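Notes to accompany the following structure.
We just call them A, B, C and D in the order they show up, numbering each chain from 1.
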Amino acid sequence: MLRYAAGRLLAALPVLLIVSLLSFGIVWIVPGDVAAEMAGPTATAEELARLRERLGLTRPWHEQLVGWYGALLQGDLGESILLRQGVAAAIVERLPVTLSLTFTALAIAFVAGTALGTLAAVRAGKAADRAAMGTALIGFSIPDFWLGLVFVYVFAVVLGWLPTGGYVPFATDPLGWARSMLLPAATLALAQMGLFARMTRAAMLEVLQQDYIRTARAKGMPGWIVVGKHALRNALIPVVTVAGIACGVLLGGAVVIESVFSLPGVGRLIVGAIQRRDYPVIQGGLLLTATIFVLVNLVVDLLYATLDPRIRHGRR
Amino acid sequence: MAGADGGAVAPAARRRRPPGALSRLVAHPSFRWGLLLFGAVALCGLLAAWLAPFDPLRNNFRTRFRPPDEVFWFGTDRFGRDILSRTLHGIQVSLRIGLGVAVLTALAGGAIGAVAGFFRRVDGPVMRLMDALMAFPAVLLAIALAAALGPSELNVIVALSIAYVPRAARVMRAGVLVVREFPFVEGARAIGASPARVLLRHVLPNAMAPLVVQQTYVFALAVLAEAVLSFLGVGPPPPTPTLGGIIADGRDFIQEAPWISLTPGVVIALVVLGLNLMGDGLRDALDPRLRTAIR
Amino acid sequence: MLTRRELGLATGATALSGLAKPALAQGARGTVVMAQQAQPPSLDAQVTTAQASRNINLHVYETLFARDEAGNPQPDLAEGVDVSADGLTYRFSLRDARFHNGKRMTSADVRASLQRYGRVGGSAFIMQPVDAMETPDARTLVVRLKQPSPGFIAGISSPRAPCAIIPEEEAGKEASRIEVIGTGPFRFVEYRPDSHVRLTRFPEYVQNSRYQGMDGFAGRKVANIENIMIRFVPEAGARTAGLQTGEMQILEAIAVPAAQRLRNDRNLQMHEMLPWSFQTLILNHVMPPMDNPVFRRALQAALDLEEIMAISTDGLYRMTHGWQHPGTTYFAGDVGRQLYNINNKDRGRALLRESGYRNEEIILLGDSSFSNHQAAIVTAAEQLRGIGVNVRTVITDWPTAFSQRTQRTGWHMWALMMGIEPYEGPYGVVGYFSGHQPAQHQRDEVIEDCQRRLTTSLAEADRKKAVADFQARMYDQAIAIKCGDVGIIQATRANVRDYKPYRIPRMWGISLA
Amino acid sequence: MSLISVRDLSVAFGGTRVLEDVSFDIAEGEVLGVVGESGSGKSMTALAIMGLLPMGGTAAGRIDFEGRDVLALPEREMQRLRGARMAMIFQEPMASLNPVLTVGEQIAEVLRRHRGLDRRAAHAEAIALLKLVEIAAAERRVDEYPHQLSGGMRQRAMIAIALACRPRLLIADEPTTALDATVQAGILDLLRGLRRELGMAVLLITHDLGVVSDICERVVVMYAGRVAETGPAAAIFDGPAHPYTRALLAAIPRLEGPIGALPAIDGVVPAPADFPSGCRFAPRCAHARPACDAAPPPLRALPSGTAAACIRAEEIA
C-alpha cells in the first residue's frame, strides 16, 4: 500500500513540473499588469511607469523565470504584490475556506447523490426513479452561480434563515461556520449531486443484478441491509473514482461560488489575482490548486483500494 | 439473472435481432425529449433574426428596467434592451460557443488521444501533458486563458477547448486502446497496412462512439462554462448577447429586475438539460457499455 | 495670494456653516460593518489612489491639511500655515498628535512622510516644487519651494492618494511595505484579503480641539464606535442583501435601482451624493482619424450624452458641462456649454463627411470591472453606429483596458469616471490632459499653457482664467467628452446615527442606536 | 409427513408462463434431484420456493413448508425463513459471494441475524463453520476476501453460509457445475456427509445424472416448465417411462458426466413464449402422435413405480 502510494506520488512529479511551467507561461501572455490596480483609474502614464519600475515589473521574463524556479525549489512561492504577504501564506490562509466549501459540497453531493441514485435504482422504472433522476438531471443543468444568487435572495433576504455570505472560521464558531457554509456548499453541490446520483443508479442497477445480491437475500437479509450493505459498497466503487474528478470540478466551481457568497477562498484569490494581475499569486495559486488536485486523486486512488479488496491485494 | 434458466425469462421482444443504432436512438425516450428541448431552443436561436421583436443591441433609456408586459414579454435590462430579443440572439452565440468547443475538443482531443493510444511511444509524454492540463480546474484554467487571450467569442472557444481537451483525449485514448487489440486490427497490420492507415481506417471508426457521447456532454459543459466566464467578466465582450452575459447583466438587479437573469438562466438550464438527455440517449444507443461511465 | 488668513484658522467659519454639530465624546461601543465592492490594493495610504483603499486609510491616517465638507483645504495635523508673500516658504505649525504605536508626532515624522511621498506617492508630482524642508523645532516644519506653487496646499490636502503622515521609522520603507500606523481616530487591526479589514478605536487619539464638529476629512473626529469591520463583497446584490438582513450597516454604494426599491424601508436610509464624479469619454488623438478635430467634433455633436448618463448611472445623474463642479471656486460658468450634449445626428453626419471619414474602424475601449464604464462605452458605440461610424467595441477587464489605454495605438475612445480629481479642484483635471503623457496622447499647447498658468499664478483670478480657458479648449477642440455628473447613493441601517454621506463613509461622529 | 410440499406451482412473467403445474414433495432428510436441460424451469422452481423470483415474476399454487404456505407469507416472514429454515447455494461461487466483504463477515451476518449472536460469537462460529466445511486454516481464511480463495473453497464457504443456521431444507442449484472435476467430487462428498450429519432435506438441481444416481433418493425430471416424470431414483434409472427421460438417459453412455446437447433428439428446449399447447416435448419426440398436441398430458402413476406426463408411456415402454 505504502509503495503503491509512493509510486503514484513519484508519477505525479512530471505532471507537477508541466503544471508549474504552464502556470508561469499563462502569466506571460496575460496583457496588463498589477500597476493598473495599484495606481487607480485616473493615474497618468507617468505615474504608472514609475510604479512599474518600483514594483520590478520591468525585469525581462527569463530573469523572472529563473528567479521564480530558484525560489520555488527552496519552497518559496514568492510574494504577492497587493496583499502584503507571501503567496504560500496567502493560500494557506484561504485554504480552510476553500476546503470547507469543497468538502462540505462534496459530502452533500456524495450523500445526497448516492441516496438519490440508490433510491432510483431500487425503484427502477417507477415514479420515484423518474423523480430522482429528473432531479439529478435538473441539478446539473442549472448554472450554479445563478442558483446561488437566487438562493441568497430566497434563504437570506426573504426568509432570513442564513447569512448572505462571508466566512466564519470553524474554530471561532462551529455553528456559524455551518451556517455560513450551508448555502454555498449546497449551491456548489447540486451539479455534482446529480452526477453522483446518475452514477450510483447505473452502478447500483448493475450490482443489484449480481449473484451475491441474490445470495444476501437467500440468507434472509432484510432489504435495507441488502441494499445498504451488500449492494451499496460495491456500487460505490466506481462512484468513488469520480469523486476525485468531482473534487476538481468543485474546486473550479468554488471560484464562482466564492464570489457570489463573498467567501475569502483560494478560488477568489486566484481569480482576483488574474483580474488584478498579481502575477506571483496567479502562478503560485494555479500551481498549488493543481497540486491539490493531484493529491486528492492520489487519496481517491488509495480510498478506492480500501473499498475494493481486489485492488488492495493486487489482483483484478 | 435467473441462473441457468435465465434466457427463458427475457420477454420475446428483446430476443429479436438488435435494431440499428439509429433506430435505437430515435426510439430512446430521453433522446427524444432531449432532442425536442434542445431542438426547440436551438431553432429559436437560429431564427433569432426573424423571431426577435427588437434589435438586441438597441439601447433605449426610456424603457430601462421594464418588467415583462405585452410589448416586452420578458422585460428589459438597464440599457432598455428587450430581454427576449437578447436571449434569442444569446442562444445563437452561446450555442455557437458550445458547438465550437465540442467540435474543437473532439478534433484536438480525438487526435491527441488517438495518437497516444495507438503509438505507445508518445503515450507517456502526451498523456502527462494532458494530466497536467487536467490538474487545473477547468473553469480556473479557462478564466486564466480567457483573460490572457483577451475577450472575444473565438478566444472563449479556444480557452474552453484547451481546458476540456484532456477529457476528450482520455476518452479517445481509452477507446483506441481497446480497439487496437481487436483481431481485425491485427489482421490489417498483418497484411502490411501502414500504421497511419490502420489507425485511420480501422481503429478510429470503431473507437469513435464514446467520444461522440462525451462531446454531447462537453457541449453542455461549455454552455455552462461560457456563463461562468461571462459572469466573471471574461466572456465574449458586451454588448454581444450571450446567455451567460445576460445573466451577468442582471446579477446586480436580482431583486429589482429578476426577469433579466431569470430568462437566460432558464434557457441555459433547458439547453443543458436537452443536451444531457440527448447524451444519455446516444450513450445507450451507441455504446451500452458506457452506461456506468458518465462524462 | 495665499495667506494664513485664507487657509488657516478656519474654525470659526466651519462652526458657523452649521455643517457639523458638536460631537459628544460618549463611551464608545459597538461594531459597525461597512461593505464595499473592491478590496484595497494597498493599505499604504500614500501610494494608491484607489477608492477601496481610501475608504479604509482615511480612518487610520491623517494629513497636514484635509478637505472640508465643501472640498476646501483645512488644517488637520497642522494648526495652520504661514505662507510667505513670494509664495515660496510654507511654515507649518503642528498640533499635538499621537501615532498608533504610542509615539508623539514630531516635525521629523512629517518631513520624512513628505519626502517619502515625493518618492512613492500616488500624486508624487505635488512634491516636485519642493526645494527643501527644515524642522526648526518639534512642532514646526518649514517647506521651501523652488517656484511659486499655489496648488501645493490643495495637493497635500487631497484625499486622492493622501499625503499621510506616518512615523519617521516607517517612512524609509518602500511602497506598501510599511506597518499600518497613522494618527487617525481608528487603529488598524487586521487585513484578511478578500474578506475584511478590521479597525478599532484608538483610545489615545488626540482630537483636533480647534473644531467643534466633523467637517469633511478635517474637523473634530470623535470615535463613538469601538470596532469597524470593512467587508469586501464583490456582488452588488449580496451587499444589498446584507444591508437588508442587517449583517451590514453601511454600504459604500448601493445600486440605484436597489436604492429606489428600498427608499421607503424604515430600517434603512439612503444618502444621495450628487455630484460624485464625472463620466468622461477620453479620446486618443494620435490614432487617425481621431487626430482630426473635425472628426472629434462629429462625435461631440452626434452623441446623446443624456442617454449615456441615464443608462450608465441607472438614472442618478446631472447634465452639467463644466470640467469643475458648479458652486466650486474654479467653476467656469457657461464656457463651452453650447458644445455640450448637442445630440444632433445630422450635424454629426455632416461633420463626419467634412472630416473625410472613410469608414475606418473606430475602437471603443471599455472595461467590465466598472459597470459605468462598460455601460457608457456600449451606449456610445450604439449611438455612433447610428450615424455610420464603423465601431468596434472592446470590453476587457480593468488591467487590460488600462494598459491598452496607456498605449498610443489600439484604441480611439475610452470611458473613464473621474471622481476624486474634480473634487480635488482643477489641478488633477487639467493635469490629466497635460504634461509629458497627457491622456489624449497628444500635447495640446493651449492646454499646456493653461496648466502652467494654473500651477504657477499666484493670483486666484489668473488661475480661474486658466481653468476657464482650459474648459473652452476642451470643448472647442473636442479634446475629450464630458458626459455629465454621476451620483452615488450610500446606504445605512436606520440604527446608524448622525451619518453624513461624504466621499468615503466616515465612521467618526456616528454612533449605533 | 413431508417437509415441503409443492402443489401446482406456476410462475409467470407478465403473460408468459415459464413454469406450470409443478408438484412434488420432499420428506424430512430426503434428497430430491431435479434434472433437466437449460430452460426447463429447474432454477425457477428453486427460486419460487425461496421467494426470490426475479423482478416481475409471480408464482401461483401452493408451497407448504413446515406447514405454512410460503407463497402467502409476507416478505418479512420469508426473511425469517430464508437462511434459517431453508437455505440455498448457487452455481457460481465466485459471483455468489460479495467481493467486498470477508468470508467470515458473510457467514457471521447470518448468525447475527437469525441466531442473534453478537459480533464476537458470530465470528467464532463462522470459524467453526469453515472447519465444518473442511476449509484448512479456517482462522486465517475467515478474514480473507472471496477473491483470495480457490473455487472449491469458495463453494465450501457458500455451503458454510447456507448451513450456518442448520436449515431443514437446503436447495443446491448446480453446486458443482462451475468447478473442476476433481473439486466437484470433494464438494459432493461434503454435501453428502453434512446431510447425514445434520439430517436436513436437500433439493439438488443438476445437469448431472451421475450425481443424481449417486446421492438422490427421488428424482423430478423437468422439461419446458413442466414435470415430465417423477419417481424414486432407482425406478427412474431402471425404467424411464417418459420419452424425454429416456432420451436423457440415452445421451450418456455411462452414468456420469454432464449432459451436453442431446444427440439422440434434435432441437432445443423452446422458449416460454413458444411453448406448444399440448405436450411440450412433442415437437422433438419420435413417438409423437396428433393426440399429443391436444392438451398437456397430466402426470400418471405407472406400474414401473414412476409417474410420467406422457399419454403413450405404456406403449413406448
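Basically, contacts are C-beta pairs under 8 Å (C-beta built on N, C-alpha and C of every residue); 3 or more make two chains touch, one makes a residue touch a chain.
Every value quoted in this text rests on a predicted model; they were computed, and no experiment measured them.
Asker: Would you mind checking the shortest number of contact hops between chain A and chain D?
Answerer: 1
Asker: By C-alpha centroid distance to the whole-protein centroid, which chain wins?
Answerer: A
Asker: I'd like the Å distance between the centres of chain A and chain B, where a centre is the mean of that chain's Cα atoms.
Answerer: From the centre of chain A to the centre of chain B is 21 Å.
Asker: In angstrom, rounded to a whole number, how far apart do the mean CA points of chain A and chain C lie?
Answerer: Here the centre of chain C sits 40 Å away from the centre of chain A.
Asker: Indicate the whole-number Å distance between the mean C-alpha point of chain B and the mean C-alpha point of chain C.
Answerer: 47
Asker: Round to the nearest whole Å and give the separation of the Cα centres of chain B and chain D.
Answerer: So the centre of chain B lies 52 Å away from the centre of chain D.
Asker: Tell me, which residues of chain B touch at least two other chains?
Answerer: Answer for chain B, listing residues that touch two or more other chains: 1, 147, 150, 233, 251, 254-255.
Asker: At least two other chains touched by the same residue of chain C: list those residues.
Answerer: In chain C, residues 235, 237, 241, 369, 396-397, 400 touch at least two other chains, as defined above.
Asker: Of all residues in chain D, which are in touch with two or more distinct other chains?
Answerer: In chain D, residues 90 touch at least two other chains, as defined above.
Asker: Could you please specify the touching residues of chain C with respect to chain B in the complex?
Answerer: Against chain B, the touching part of chain C is residues 235-237, 240-241, 255, 257-258, 260-261, 306-307, 310-311, 314-315, 366, 368-369, 371, 374-375, 378-379, 381-383, 393-397, 400.
Asker: For the complex, which residues does chain A have touching chain C?
Answerer: Contact set of chain A toward chain C: 31-34, 36-48, 50-51, 54-55, 81-85, 90, 93-94, 149, 152-153, 156-157, 160, 163-167, 258-265, 268-269, 272, 275-277.
Asker: In the complex, go through chain C and note every residue touching chain A.
Answerer: 39, 41-43, 47-51, 120, 122-124, 161, 174-177, 191-195, 231-235, 237-238, 241-242, 244-245, 247, 369-370, 396-404, 406, 416-418, 420-421, 428, 431-432, 435-439
Asker: Within the complex, which stretch of chain D touches chain A?
Answerer: Residues of chain D touching chain A: 50, 52, 75-76, 78-84, 87-88, 90, 92, 95-101, 109-110, 113-114, 145, 147-148, 158, 161-162.
Asker: Can you tell me which positions in chain A touch chain D when the two form their complex?
Answerer: 210-212, 214-223, 225, 229-230, 233-234, 237, 307-310, 313, 315-316
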